[in-house]
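Across the two complexes that follow, chain A remains constant while its partner is chain B and subsequently chain C.
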Partner chain A sequence: MNFVDFQAAHILTLIPEITLILLIPLIMALDVIWPESRRRQLGLVTAIGFFAAIVLALVFSVPNGENALLFGGTLRNDLASFLFRVIFMFAGGITALLSLDVEGLGRKGEYYAILVGCVIGMNFMASAADLIMLYLAIETASIGLYVLAGFLRDDDKSTESGLKYFLFGAMTSTVMLYGFSLLFGYTGETNLYAIAQSLKNGDVPTATAIAIALMIAVGVGFKVALVPFHFWTPDVYEGAPTPVTAFLSVASKSAGFAVLVRVFLIALDPGATQWSPLMTAMAAVTMTLGNFLALPQRNIKRLLAYSSIAHAGYAMLGIVALSKDGLAATMFYLLAYVFTNLAAFTVVILFSRVAGSDEIADYAGLSRRSPGLALAMLVAFLSLGGMPPLAGFISKFFVFAAAVQSNLIWLAMVGIINSIIGLYYYLIVLKVVYVKPAPEGAPLIEIPRPYVFALGVLCFAILFAGTAATPWYNWAVDAAKSLF
Partner chain B sequence: MNFPFLSVIALTPIIMAVLLLAFPEDRKSEVRVAALAGAAACLGLSLWVYFTYDVSAGGYQFVEKFAWIPKLGIEYHVGVDGVSNPMVLLTGIVIFTGVLISWGIDDRPREFFAFLFILASGVFGVFVSLDLFQLFFFYEIAVFPMYLLIAIWGWKVTREYAAMKLTLFLFIGSVFSLIGALAMYFAIGKATGVYTFDMLKIAEAQAAGALNFNVSLFGSMIPFERLWFPIVFFGFAVLGGIYPFHNWSPDGHVAAPTAVSMFHAGVLMKLGAFAALRVGIMLMPEGARFHLPWIYVLTFINVVYGSFIAMRQTDLKYMIGYSSVSHMGLVSMGFATLNYHGYLGAAMQMFAHGVMTAMLFATVGMVYDRAHTRQRDELGGMAKKMPWVMAGFTIAALSSMGMPGFAGFMAEFPIFMGGWSAGQPGANFVAPYYSWLTIISAIAIVITAAYLLIAVQRVFFGDISEEHDHHVGDVTVLDKVAITTLATAMIAVGVFPFLMGPMVKSGIEAALRVFGGS
Partner chain C sequence: MVPLNWYLTLAAALFCIGLYGVLSRRNAVAILMGVELMMNAVIINLVAFWRYLQPTNINGQVFAVIVFAVAAAEASVGLALIISIYRRRNSVIADEMNLMKW
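After this line comes the complex of A and B, so read on.
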């Protein structure tokens, strides 16, 4: 533990969050000042704000390697949290771009303001090193997300999605809070690293420790959509506005993983708590159920919802391997998944703008209506399916390698069988896109310029992470080391 | 630094694919010309590499090596030896002729050639890889374009089914091999302290005994290589069409458009056999020694059963599809002998069968495009209409049945020699049934002769139906160039065995050294 007294320089680590906090009033003010016709640019302002925050973070806030506990131990300044924060801000920026031309979202200042608020919450989720700070951060992010999911007030599906998400979220978060309180009660500590020490000293009976792990797993499992806490996923993903779904599936999931990694690998020390058989089983079941339930789906958003459950299972492989290499693999996996899934959802958004449908059958003939969009979909879906030279292949390779390294060969086998099932349904979608003829007189699909930019960046990132994986992987390895 | 020939060969197609996708959609003829230029460049470079390879020096040449992901010991490492060099040339020939005979594709040719080139990149990449990770990387690249190529441009009746079946079979195989390779990687790393995917270093460590330990499986202890060899070997051999995992292959061949059938039977199946040799047999020789005797029985079934089923087919593409299964069985059979002649034959057969089957599919495709049927019994008298096609098909048929003077003879004869001697006392290891199975499998050659000659007679000679007489015309100049290229390769290797024999010999001697010499 490396507690550091407050110094003015510590403020620098919070530069990105401060930027985002300033962004909120700016958006609200512009929303009031600008006439309706100019409000489309709110999304651009938000996106630029996010990317500016990333640049400022890279300039001022890169951790110095001391892994110090700042602000009385509430935040930990390490590379892992930094990496996660950059991921969230990137996802936020892309989501803002994707929302521009979406009916009911794109011209609303409050939508972008809440989005920024969620990202602030997630940033603190990733860096929190204290139970109270952690819980506050989780709620900051979650409450915003509930609102976003139900943002389209006049759309029954969206309101249902928001309510469902809220009810499930509130319940699981309460259980987790109870776990936190037990943890505090037994150890007398709120700092995660102090709790770890206390657990190693044997202050908590093993059975109680497992019960605590289980309770916290409820809350975190809900966030990352692990089976059996996944029930909300398909309904919420389907009903929420698609940019919000995209954001949920990448940023919220990664934030959940950031918490999971820190709480389970650090605070609930796996040597002292023995949660790994439980989590291993959950990973195997999550992959399998997610993939099997994706098979019969007819709606692309539901398909991607189940696929995101399955991907949470793959990402868990690196965590249950209980090694630093495994943790690095999971981090790399999440990075690749953010690019890939955002690209997939971008295609969904663009398609439904023109076609007004999310049914897979309606994607017939997309390759003739827009060859570029079809190609982007090919890249995104093959990456989800784990095909080289795309990011999905190499990230799956890393997590399977981590599992084999830790002698979890059966789990790796479950993983590869699942990736075969996964490939099957991704290919079915691509078949519709490329093989089926377009309906008579279907209009060509135009792509607005901000979307071209977003899609270009994402596809390039997928290819780049899939071939020149070295710098990304090195970051992931360093980040994994910095956590301990 | 020397000119990076192999990287250029392996990456030209994929770069070409990206360029093609950047063409405007309606520039179809420009797309075709660009594709042909790319393919010609690949063929030219692979010819250059083939003929400048120094046979007397042997070993891996044209080596390039860069760090890729150093933390995991992953490198970009390419090189060719006497076994992979003919394979690179084969791929060059098939991509060139494949583009030529796909000239007539009018539905989205831009995407067609782009996917075909991505496939070619994957294939070239596997043949030149000396790094295990890189090998898998390219192997998977070679798998997925097949799905799209077959599903979009294939035969309407079965294309969706066949494409999915093929892709899943191959993907399943490759991921199982991948797990095996990872197990090997960590085992070697733990034993030597050096974690590396470099196949040459893995082979060294294996020779030093790094894999000589037992692993527990359901409570019993099994030597590492005995446990993992079948997983790795079969994972790859699925793509080589080994019995009982062969039945994706005829379906895939039939449904695929002509150029893809050529690629698929001509090159892709060799990819499986080649990887099974490089990763399975050469990196885990102890496992190979233990398991190959019973695998020999499977390859025997491959050869005999494949040829009998081919005999029963009246659809020409199914006939050649099963014939490919039978002939690829000969390749695995050669590997399973673990002796000099078997390996020499197997390596030659990979090239010979590749060229020959590409020719068969190309010529059948040409007949089908004009006569609109592939039923042997509905055709007749095609020799009058398209004499070049008749000549090409006949040459390939003669090569296929092992006629001296053609590439097939140079390949099949040594395999039978190897199989026979492997069953004799004093062989590398004694498994007496080898000789008997070899004698029986030689019958398959007779069957091959039967169905191919019947096909030649029914399709090209006899009476032409009135309808065909009116509609069927001759093939284009480009088709004739393709036929000539393939025929030249077959005859050149058959008549001048020194063009390929010594090179292959230098390659397999290195392969057999892991078994303590030949």
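After this line comes the complex of A and C, so read on.
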């Protein structure tokens, strides 16, 4: 533990967050100033803001390798948090682009402002090294997401999804908070690294430590949608506006993993022998249940919801492996998953704009209505299914390898069988897209330019991360090392 | 002075009552009330731990203050969502929110 007294240079690490905080009033001001006809550009402003924040982060905020605890120990300046923050800001920027032409969202300044607020919360979730900061960051992100899920006030499904998300989220985060309060009480510390030290000294009785780990697992399990805390996922994903669903499925899930890594592998690490069997079982059940429940789905958003549950299970493999390789594999997995799932949801958004439907049967003949969109869907879904040479394959390979290295061969086998089941339902969707004929007189699907840009970036990233994985993976390995 | 254990027992009881309320109530407002009870249990816990075990460490009190600030924010967003659904359906019964199911 090395607390560092405040220095002006520490502000540099927060440059991206400061940029985003300034972006919020800018969006709200432009929302008031601009006439209705120009407000479509609000999304562009937001996206540019996010990408500017990434560039500023890469210029000013790259951690110097000291892994110091800044601002009184509330934040930790390490490569892992930096990697996660870049992922969140990228996901935020792409989500802003995807929202541009969506009815009821695209021209609303407050939508983009809340989106930016959520990303700020997630950034702090990734870098928090203190229970207080962690809780505050989790709630900053969650409360914004509740509003985003229920954003379409005139839509029955959206309001229902917002309320369901809120009720589940409020309950699980409070259970986690009770765990935090006990952790503070027994160790007398709020800093995660100090808590780890205190646990190592045996300040907490074993039974209490297990209870605390369980309570925290409830809150984090909700965020990343692990079985048995996944009930909200399909309903919320289906009802929420699709760009919000895309954001939830990638950014919120990755943020949950950032917290999971920091809390379980750092603070609760001395009790790993007690919680790891539970987490292993949860990972296996999550993969299996997610994939099996995805099989009968007819709505593409629900299918992707169950598939995202299954993917949370795969990503857990790297964590229960309890090794640095496993942690790196999980981070790489999340990176690949962000690109892939955002691409899949982009296709869903573009299709439902024209067709007004999310039913898989209506995707018939998409390859003739828009060959480019069908191709993007092919890339995204094959990557989700884990086909080489796409990002989904190599990332699955890394997590399975990490599990095997830690002698969890049965778990890797469960994962491989599950990927085959997963591939089946992804291919069924692709069959509808490519083989079934389009209905008579179905209009061609136009893709607006910002969406072309977003899809292009995402498909390129999927291919690039899949074929030239080494630099990305090395980055993840460095990040995993920097955590400890 | 009242022993620390009594406070912790009170907090645990309050937490369990809140959790029972959340799991058994059908009215969304009542569920929200259950969540607030759970939050209060956490605050009692934090303040008791701070007062008895760590009176020199300000973190416990800061944590308690942050928790009730967040509880207020959460309640207001929750009530707003409940109002938005009430306007559509004239009902806040959680069981009736079943447009989407598998």
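By our rule, the second predicted complex is superposed on the first by the 480 of 484 C-alpha atoms of A that agree within 3 Å, B and C clash if a C-alpha of one lies under 4 Å from a C-alpha of the other, contacts with A are read in each partner's own complex, and residues count from 1 in each chain.
The rule is simple: a residue touches a chain if its C-beta (ideal position, glycine included) is under 8 Å from a C-beta of that chain, and two chains touch if they have at least 3 such contacts.
Quick caveat, the model's predicted, so the values are computed rather than measured.
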Tell me which of chain B and chain C touches more residues of chain A. C
Contacts of A:412 with chain B and chain C, given as first, second, both or neither: first
First (chain B), second (chain C), both or neither: which does A:400 touch? first
Of the partners chain B and chain C, which touch A:238 in the superposed model: first, second, both, neither? second
Go through the superposed model and pick first if A:382 touches only chain B, second if only chain C, both, or neither. first
Just which bits of chain A does chain B share with chain C as contact spots? none
Tell me, which parts of chain B touch chain A in their complex? 14, 21, 25, 67-72, 108, 111, 133, 136-138, 140-141, 143-144, 147-148, 151-152, 159-160, 163-164, 167-168, 171-172, 175-176, 178-179, 182-183, 185-186
Taking the touch rule as given, give the residues of chain A at its contact with chain B in the complex, in rising order. 367, 371, 375, 378, 382, 385, 387-389, 393, 397, 400-401, 404-405, 409, 412-413, 416, 419-420, 423-424, 427, 430-431, 434-435, 469-470, 473-474, 477
Which of the residues in chain A end up touching chain C in this complex? 131-132, 135-136, 139, 143, 146-147, 150, 153-154, 156-157, 159-164, 166-167, 170-171, 174-175, 177-178, 180-182, 184-185, 188-190, 234-235, 238-239, 293, 297, 302
Applying the document's contact rule, which stretches of chain C touch chain A when the two form their complex? 8, 15, 18-19, 22, 28, 31-32, 34-35, 38-39, 41-42, 45-46, 48-49, 53-54, 57, 59-60, 62-63, 66-67, 70, 73-74, 77-78, 80-82, 84-85, 87-89, 94, 97, 99-102
